[in-house]
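Okay, so chain A shows up in both of these, paired with chain B first and chain C after.
Here is the complex of A and B:
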């Protein structure tokens, strides 16, 4: 394989890695605040992408506002989910909560199918510019934006978690909800906030991804699985680990496509998930042991 | 132990009703078709009711075993001209063996980790089926699957196939019912509630889980084989992970800790699109909402709600077992 072809696969790995990193980060945010692994996580990607694409195509909304509305729509869905479904049911135990997130995932997809049908929608680029040329390979502006945005988001989230009142409340809740509550943290509000944040991260991934690959109503579940795989690779609950896991997964998939074939790309990623769950459930980039 | 140990006359009446259905409604092709689908769904659900309802392990691999059984039987019949009934036996064997091998490593995982790993297994399997075009026909699948036959008697008409499906379904229910009431079933319920506790009382957790998972997979495999030879067509679309999720939804709506619940759920999912005539587009959404509502407000599903209602009507006698999640 020539160097330029190899670089091209690296770029595509970085791009899809950034998407997985967003979803993995979103998983980690809700997981560390409430212990819930949200089956509907991938649906926020779908929702953000579809809302932005249909606003732009159907109502001539310019790309940037369409994207912002897409992210907001995902955030509202996260708010409804956290405040309306998770919070009231929190005392019902783990299985019920898993089934609720699974049910919401189904409902989101069913609504999307009714509104948009099965055909995927595309979105124009945010910035109309020539792709960057590096060593014979090209990197589109949309890829640059999504890769840059995941780092901006990660740094922003880390600053928020360390230096703001609410961020600290979220971290305290993740360590021990009852102690946090006794120290005056509003645990319920923290959990809702975590769901909104995770939905916004998913929505961001969706609106930034749709100019690269059109999004369809049924993409959510696979996105859930991929994002979860990335989070498990990197270490569930660790923001930096999740982002690293996302890029690792993207790279593995790109190299599979480059060196083996694109047909088994998903199968290899998911085999990796099963192996990791069995052998190293705490992920590569964390030291804490967690029971899986 | 009140688990499904309903009065014997009720069971006999149910069996009689099932047996009489084609005699009464034999002319109604749609009804017969729905009844066959209920039987097939019911069989898959009985399997999951052992794994999830009784054993407390959330497996999203039922569609995968349904598919393994279906492809085993379809390939044997079309490539090697094996009689379909032998294919059914092979379907049970192959799905059982795959489940048995998979069980040891995968069932160490708990709750959502098990759910995701089994979901991933299903997705991998569908990719393998889709990509091995030479063997499986890829996305287009295989057509003209033969109907099962005993000697010269072929299960050709819908009524004949109905009896075949329901004999299998009732046999599965009978086996599962006996398992649930046995020592093995007691052990499964114990490990569902508290794995370490069960182990300390002498339940061999790993072995119990393996057999429960294998049995559930065998039921799914046979049901899958019955399904494709009924349609006489097989393609990977019927075995996608959404079918696994649908089976979990059916069981939760009906009531995951009882075999009656599995039947209620199977009937609900089959009849719903008919009830929504003209609005079929919304059937997925309606069933999703129904699922959410039962999970949130009726943790023991329709069957549990019905049981509670009956108990209240009998004059305040308390229901003896509570919801698992309470």
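Here is the complex of A and C:
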């Protein structure tokens, strides 16, 4: 095994890790504000990617505006989901709501299949440049952008959560919704905001991912699975933990593919998921205190 | 309730209604459609080929029915979607086989669904025409199955012939891990030595994988002269893109499953120069392919030119129709099977001389095409 090959596996792990990190972060945002694991999360990735790709291919919209509209479309879908489905049914309890998100995920996919068909769509790169060559391995500009963007997003989200009124309201709701409500926090609005934010994160992952690997109507479920696994590995509810979990999962997959075989990539990732759910459900990067 | 309804008057009315229905029945029978069952792979990981195939199928049915059908009876297609799942494909095939009016079954775009439908058709004795090739030796003896895709052994020979002509000696193989990729690898391994070619590395991936840079890096390190990418879309196109990202500029050849406009759409500039074993060069059609190519252009004016699966989708229906025309009335599954088994069929995507011992097309069905400026042209 050459050093350049190993470096290539690392780059590959960082790239897919950044994508999983986006979805895991999105999982965490809705989970901490509402206690809901949103199994439609991956569909926002699909939606963002498909909208951007079809605007670019079908209507000649330049890449950057197409991407922005893709993210906005995901955000609107998140708004509809949060305000239209989750809020009205909040009193049904978390378990029912989780099933509702699973149902919505299937509906999303079915609608996407009707609108776009089964063909995956590709999107041009944001910046058309030759890949970077480092130590015999190559890293595309698209990968660099995704990896940079997840850190920008994470820092932005942390600042928002700490220093803005709405961010603090979201954190307060995550600790105790009824106390937060009694202190004047609009819990309903906070939950809707969390869904919109998580959808925007998903959409971002989608538009940044599409130039690299293309997106199809059936991409969403896979993204949900990977993002969920990453969030569980890192710690559901912890933004930094989720992002770390994303990179960890990406690296595990890349090393499995590189040193063993891609056949076992999903098996190993899902085995880890089960192990973590059994042994350390709070994740690697969070303290046990939240578990009570 | 019920006994109050059963009055003499109602009984008379009921009998009259039944009699009237019976009276109309013979008239309805005269225009009874000829029913063909289809198990398509319209969704699932490699659904694009199923979707493209259906275009050809629809064109052929419209053509046959516009010309008055077969013996004045229109063709009716009962379309079912296997979702590319073999177990679902098998149960749908059984459902079709249990319908007395279904004379033949078509479909099964990829290995495992074809095998599932084929084994049901074989047991239930229903003629089955499929847009795939032989994937297991035992299939060569199946009586009710007819392939329209050339033998993958012949496709592997075409690839190696081309490589030998170009003086390539070292083959790097990037293949699907499922049975389809295994089949390609088996034939290439068997044949390569007789062409003076050595397989220097072999790597695998799955349909759903999104990143093949790890495998391609290992292949590159083995220093091959050319790559065979035995894949299907969308994975195959990602392999091409990844290869370009890694700066791999080797000649690359793929099997017919990559002969699709999806390759151009998904791999973009990375698809340029990619060579595939095909059964139609969309931009340089042969005389026998002209009628289909024109019909396809008319039906899909904005789509890229037809590739293999659109063309053989068209052939599936035309083969069944040709079989029916050679079948004495009244049609039965057995008689239709015997008629197809004697066909010398020269079609849009397939040239097949079926017999009791050969149920797949002849080797000269295959042409090598290459992607040039986003179009498929004959490879030189």
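Worth a mention:
One rule holds for everything that comes next: the second predicted complex is superposed on the first by the 288 of 292 C-alpha atoms of A that agree within 3 Å, B and C clash if a C-alpha of one lies under 4 Å from a C-alpha of the other, contacts with A are read in each partner's own complex, and residues count from 1 in each chain.
Here is the rule we go by: a contact is a pair of C-beta atoms (placed from the backbone, for glycine too) under 8 Å apart; a residue touches a chain by one contact, two chains touch by 3 or more.
All values reported here derive from a predicted model rather than from experimental measurement.
In the superposition on chain A, A:257 makes contact with chain C only, while chain B stays out of contact range. When the shared chain is aligned, no partner comes close enough to touch A:79: not chain B, not chain C.
Of the two partner chains placed by superposition, A:284 touches none, neither chain B nor chain C. Applying the stated contact rule after C-alpha superposition, one finds that A:273 touches chain B and leaves chain C untouched. In the superposition on chain A, A:214 makes contact with chain C only, not with chain B. Residue contacts after overlaying the shared chain place A:2 against chain C, while chain B stays out of touching range.
Look at A:87: by the touch rule set out above, it reaches neither chain B nor chain C.
In the superposition on chain A, contact is made by A:118 with chain C only, not with chain B.
Contacts of A:240 after superposition on the shared chain: neither chain B nor chain C is touched.
Across the two superposed structures, the residue set of chain A contacted by chain B and also by chain C is 113, 222, 263.
Against chain B, in their complex, chain A makes its touches with residues 37, 39, 85, 89, 92-96, 98-100, 102-104, 106-107, 109-111, 113-114, 221-222, 225, 228-229, 263-264, 266-267, 270-271, 273-274, 277-278, 281, 291-292.
On the chain B side of its complex with chain A, the touching residues are 56, 58, 105-106, 108-113, 115-117, 119-121, 123-124, 127-128, 131, 241-242, 245, 248-249, 252, 281-282, 284-285, 287-289, 291-292, 295-296, 299, 324-325. Residues 42-45, 47-48, 51, 177, 204-206, 208-215, 217-218, 221, 233-234, 237-238, 241, 245-247, 262, 265-268 of chain C are the ones that touch chain A when the two sit in their complex. Of all residues in chain A, only 2, 4-5, 8-9, 11-12, 15-16, 113, 117-122, 124, 131, 133, 137-138, 140, 213-214, 216, 218, 222, 254, 257-258, 261-263, 265 touch chain C in the complex they form.
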